[in-house]
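Every chain is named by a letter (A, B, C, D, E and F) in the order it is written, and numbering of its residues begins at 1.
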Amino acid sequence: MMAKVVTRIERADSAVIDGLGAAGVATVHEAQGRTGLLASHMRPIFPGARIAGSAVTISAPPGDNWMVHVAIEQLRDGDILVLAPTSPCEDGYFGDLLATSAMARGCRGLVIDAGVRDVRDLTGMGFPVWSRTVFAQGTVKATLGSVNVPIVCAGASIRPGDVIVADDDGVCVVPRADAAAVLAQAQAREANEEAKRQRLRAGELGLDIYDMRGKLAAMGLRYE
Amino acid sequence: MMAKVVTRIERADSAVIDGLGAAGVATVHEAQGRTGLLASHMRPIFPGARIAGSAVTISAPPGDNWMVHVAIEQLRDGDILVLAPTSPCEDGYFGDLLATSAMARGCRGLVIDAGVRDVRDLTGMGFPVWSRTVFAQGTVKATLGSVNVPIVCAGASIRPGDVIVADDDGVCVVPRADAAAVLAQAQAREANEEAKRQRLRAGELGLDIYDMRGKLAAMGLRYE
Amino acid sequence: MMAKVVTRIERADSAVIDGLGAAGVATVHEAQGRTGLLASHMRPIFPGARIAGSAVTISAPPGDNWMVHVAIEQLRDGDILVLAPTSPCEDGYFGDLLATSAMARGCRGLVIDAGVRDVRDLTGMGFPVWSRTVFAQGTVKATLGSVNVPIVCAGASIRPGDVIVADDDGVCVVPRADAAAVLAQAQAREANEEAKRQRLRAGELGLDIYDMRGKLAAMGLRYE
Amino acid sequence: MMAKVVTRIERADSAVIDGLGAAGVATVHEAQGRTGLLASHMRPIFPGARIAGSAVTISAPPGDNWMVHVAIEQLRDGDILVLAPTSPCEDGYFGDLLATSAMARGCRGLVIDAGVRDVRDLTGMGFPVWSRTVFAQGTVKATLGSVNVPIVCAGASIRPGDVIVADDDGVCVVPRADAAAVLAQAQAREANEEAKRQRLRAGELGLDIYDMRGKLAAMGLRYE
Amino acid sequence: MMAKVVTRIERADSAVIDGLGAAGVATVHEAQGRTGLLASHMRPIFPGARIAGSAVTISAPPGDNWMVHVAIEQLRDGDILVLAPTSPCEDGYFGDLLATSAMARGCRGLVIDAGVRDVRDLTGMGFPVWSRTVFAQGTVKATLGSVNVPIVCAGASIRPGDVIVADDDGVCVVPRADAAAVLAQAQAREANEEAKRQRLRAGELGLDIYDMRGKLAAMGLRYE
Amino acid sequence: MMAKVVTRIERADSAVIDGLGAAGVATVHEAQGRTGLLASHMRPIFPGARIAGSAVTISAPPGDNWMVHVAIEQLRDGDILVLAPTSPCEDGYFGDLLATSAMARGCRGLVIDAGVRDVRDLTGMGFPVWSRTVFAQGTVKATLGSVNVPIVCAGASIRPGDVIVADDDGVCVVPRADAAAVLAQAQAREANEEAKRQRLRAGELGLDIYDMRGKLAAMGLRYE
């Protein structure tokens, strides 16, 4: 694959991005038709972080973090770094120095289908990371990769500028062009859920709220 | 398998259940002859929760959470939902709305050999879950399963009404009929352990307290 | 393998050990040429612990923790227990009673490529453990193993008296004879990093600080 | 758990057992309502074996194969050994000597949620094994287990005397009392499938044979 | 996601497809710049199969094989079915009846990031499958998916009509538009390799053929 | 770690090596006190191979096979290449060209805790490989590693010149200095086993041959 850096990428509207972040991963995933989730092995290094931002993507060789330096130059305020190794790797591509640099450029966090290190420092800095693993293994700077090209990260197809939403439930990607429509769906869903939440809290059953009893019986569910 | 819901299940005495919860997973597991543990991949979504309750079991198809709604109607105060998918699945069968409904019925928590979502909300609500993974993947309501039938969950055989004990060490099941006897054993074990703890804290060695030196030597252990 | 206990082992200088602990896993790993890490599945039972100490090693059969008792007698103030099962095992070899005993001997923590239990109690006691898993499964005392022999633990070769460094990033081993030299390298690295951190925080790019642009271009990286 | 050997177990009719073996795993699994499969990690050590027999069950400690010797005495002609370790284990509990002994007792094969060794010899002897892994790790004879008690093996609940069916697709268990009824269902299914196979081979589509087009359209499937 | 079936897809030239199949997975992967591999867990159900064909893609819910029936209607001679579940699943979506139907439509094989069953029959029929696992678990026909939409299968992005190459080394995808160019590269690579093979067979070293000694020395490799 | 190549290594006596190969992995593992096995994920690419030879070790970066070329120059007739990546990696470091070169130097096979490719060709050439996985992913030649240094490969400590034994059961390492003694033990074990095999084949039970009944009863085994 030709190594390249795409310097101009489109981003979604910042208010839309922030709205998706407020909605959170589960709601956004539902709002876009149950698509966009990264695999469940992508876990946050500390609980409680909730972010959304535009993907600056990195395709990097196993054990080589050179392209992270290249990608940081491409960051704008509100972006999220998203790294997929070209083959499975657990190495610690990213630590506190790179986080310092990324934060200085306005980066909101890192999503990496590989390892991360210095997690105590990253936690102290409030720089959130969703990763495959925590591993201190050092990397080299010897082989090129690409920045801002389409990647598959943890099973999800991601294009530069797509919206990344990440929280304690994991990571979800929203195609840039769909972001506003998905946000509208997400907000509609949230409004709808709040009413249900009240009824459920009061003791009503989903069986009744969603009118399931008839269909269950028709399909043959038997009570003994 | 015929889809069915068993509406009447026997439960253990509530004082016994609470006693088992106070004893905790490791002690209860030992007290019943080192049996009853669910596999180690069953981890809590937040630290510090300790619960015990009667199992309301769910056998559900992969990616289909319809039976959770059915099961919630069967909950009584002090119960725990226990879900095993009929084949391996990571999907997020359960989130904050279902937790709201389950809590309204007195449910103490969820044990699920699959995924869970909305973990930030669940944590805020204080609703504990032990799961295979955290994953926001949505599920459908299309295929029947069963409620309150015997299941195998994370490698452990569980019958409806069995006592579930769960804490930071994982999850253990106690057959309902054995619950009182196991509690007695657990309490005896705890009393015994406290005396040992004092001696160990004072610097005595297990080698001496348990009189192991002779047996070790007889088996051929050599000191160099 | 002949079962044996080696009672006299060499240890590194305590100031060197403490210095390595202060440097932390990632820095020490880099300082010794990117070697010494245990596999990434070795995770702490609670966040924030940072320790260093001399390895008292245990080679134990699967599901048998007898040798832990034997090893505790060999502990000196500042040591760390390191257990590798002779075949893959998740059982809970270690809990609060053994931790009480080990702490009474000055032990700083446990590194175990198997399971641990009573993690709530261990957390309360402030006794840190890095383990493959948390699992309450009880163990027997029926078969001998060895103490203070060379082991392979989670993919790393460890000799008794080697320095173990463990923190939120995982676990690293430093050969005893190299400890002072590695500490010197680690401290040099830290000094060097602080200067870089300041520049990165101010917005300079790694591309410039490390003078990477020319080499990237020479290798063919293309900007679009 | 009290260590015990149950010497008298009920077995299904031998003609029924052989009929289930001829039907094979996939058909039997379907015939009993899509239940009974052991987990997919249970793989044969050589291709082409197809067996059915009555389960002689073994619950054994990790790394301890003593109970295999005990179980072999309980074998009758046509039986299958089924071993579940009491905690996860990969050790090689079984090799060519035990297979020689088991074959001398009429044993048709082994199902083991752990390791097996001497697979070249076992293949030469035509003794089939379905196992979690192949691993030469030796085991001890130090701790008791039980024979012919209910076990959970690779996620399936198995009682002594249940019918085990195993082939290249894996392993399925049929409760002894259901064996004849399941066989009848399996044979009905096979008869039904043969007619479909002919039509499919001739180029007819499942969409038409099963009359799916209307339902797909009603659910909203769109052709572009 | 809207459920849909795209009935018209572009395919690569059949001679190009066959040429890619003859080149094999490793060569094709190298020829397109070390891209396109599906994850290593995708293994053939029998050794020796080598195929190439145009992808007819399936996005299917976990445990639901309805869309396979829909996809078979879209097959043309020389096509390969490629199925990705919408969340991780091991169920046996495909067996001998579906293979009979697919073969009747000229299908060359199946690539499925899930389970397959009836592998003995499939082997006998000579119908090759690359799958995540072998598992007999039956599936339902209750929820829609899509056919001939872009998917991510085992970590690789695949569009309908892309060329799939599969052999004992695994599975590789070539974007349709690149197929001819990749074939040319693959054939050039093969020609080049044959000359090297002769020299290596005669005992020449890669160190000399590729003129590596100088660069190794310059980088600091030391011989002792 | 300083990159280096050790050009002079000691090897065990060739007759001893061949004797160990004839004894096989399980017997050799037992003969040296149940030690020396590589992890069970190390599987042969084709069944039936049985080899023994002297280890020429390779420590290589993830995704970089440069050192394989360097190692091939160090091979002598009867050697086995043993490669451990410095961090977990599945890439295909080795294929038919390297095998051609290695065979020209008398190499008997490859043991690699990573991936291998061209397995169809390797099978045709009769060049056996035990690997973590089969994966066609190409590697670079950019970063140094070392040859003939001590490594940990798949959990086993291996020094250059140690004897590697590999067959369908996996891989075992015998320290060079112990090779003759281990062979003697292995041959004694085999002689002993043959007598037992005869008795077992004739229907005698291990319970009687090994005189286990008394000890089982003394430990409390109960027959029902």
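Remarks
Heads up, the rule we're going with is that contacts are C-beta pairs under 8 Å (C-beta built on N, C-alpha and C of every residue); 3 or more make two chains touch, one makes a residue touch a chain.
Keep in mind the model is a prediction, meaning the values are calculated, not measured.
The chains in contact with chain B and with chain D alike are C, E. For B-D, the equivalent interface among the listed pairs D-E, A-F or A-E is A-E, as over half of the contact pairs agree by residue number.
The angle of the rotation carrying chain C onto chain F, fitted on C-alpha atoms and rounded to the nearest 5, is 180°. Between chain C and chain D, the centres computed from C-alpha atoms are 42 Å apart.
Separating the centre of chain B from that of chain F, both taken as means of CA atoms, is a distance of 41 Å.
Each chain gets a centre from the mean of its Cα atoms; for chain A and chain C, those two points are 31 Å apart.
Multi-chain contact residues of chain C (touching two or more other chains): 2, 34, 37, 40, 86-88, 90, 135, 137.
Annotation, chain-chain contacts: A-B, A-C, A-E, A-F, B-C, B-D, B-E, C-D, C-F, D-E, D-F, E-F (touch as defined at the top).
Within the complex, the chain A residues that touch chain F are 61-64, 86-91, 135, 137, 140, 142-143. Residues 24-26, 29-30, 34, 37, 40, 43, 47-48, 50, 167-170, 172, 193, 196-197, 200-207, 210, 212, 216, 219-224 of chain A are the ones touching chain B in the complex. Residues of chain E touching chain D in their complex: 2-7, 46, 66, 69-70, 72-73, 90, 92, 95-98, 100-101, 103-105, 115, 117-120, 123, 133-138, 141, 144.
Residues of chain B touching chain D in their complex: 1-2, 32-35, 37, 39-40, 86-88, 150, 152, 155-157.
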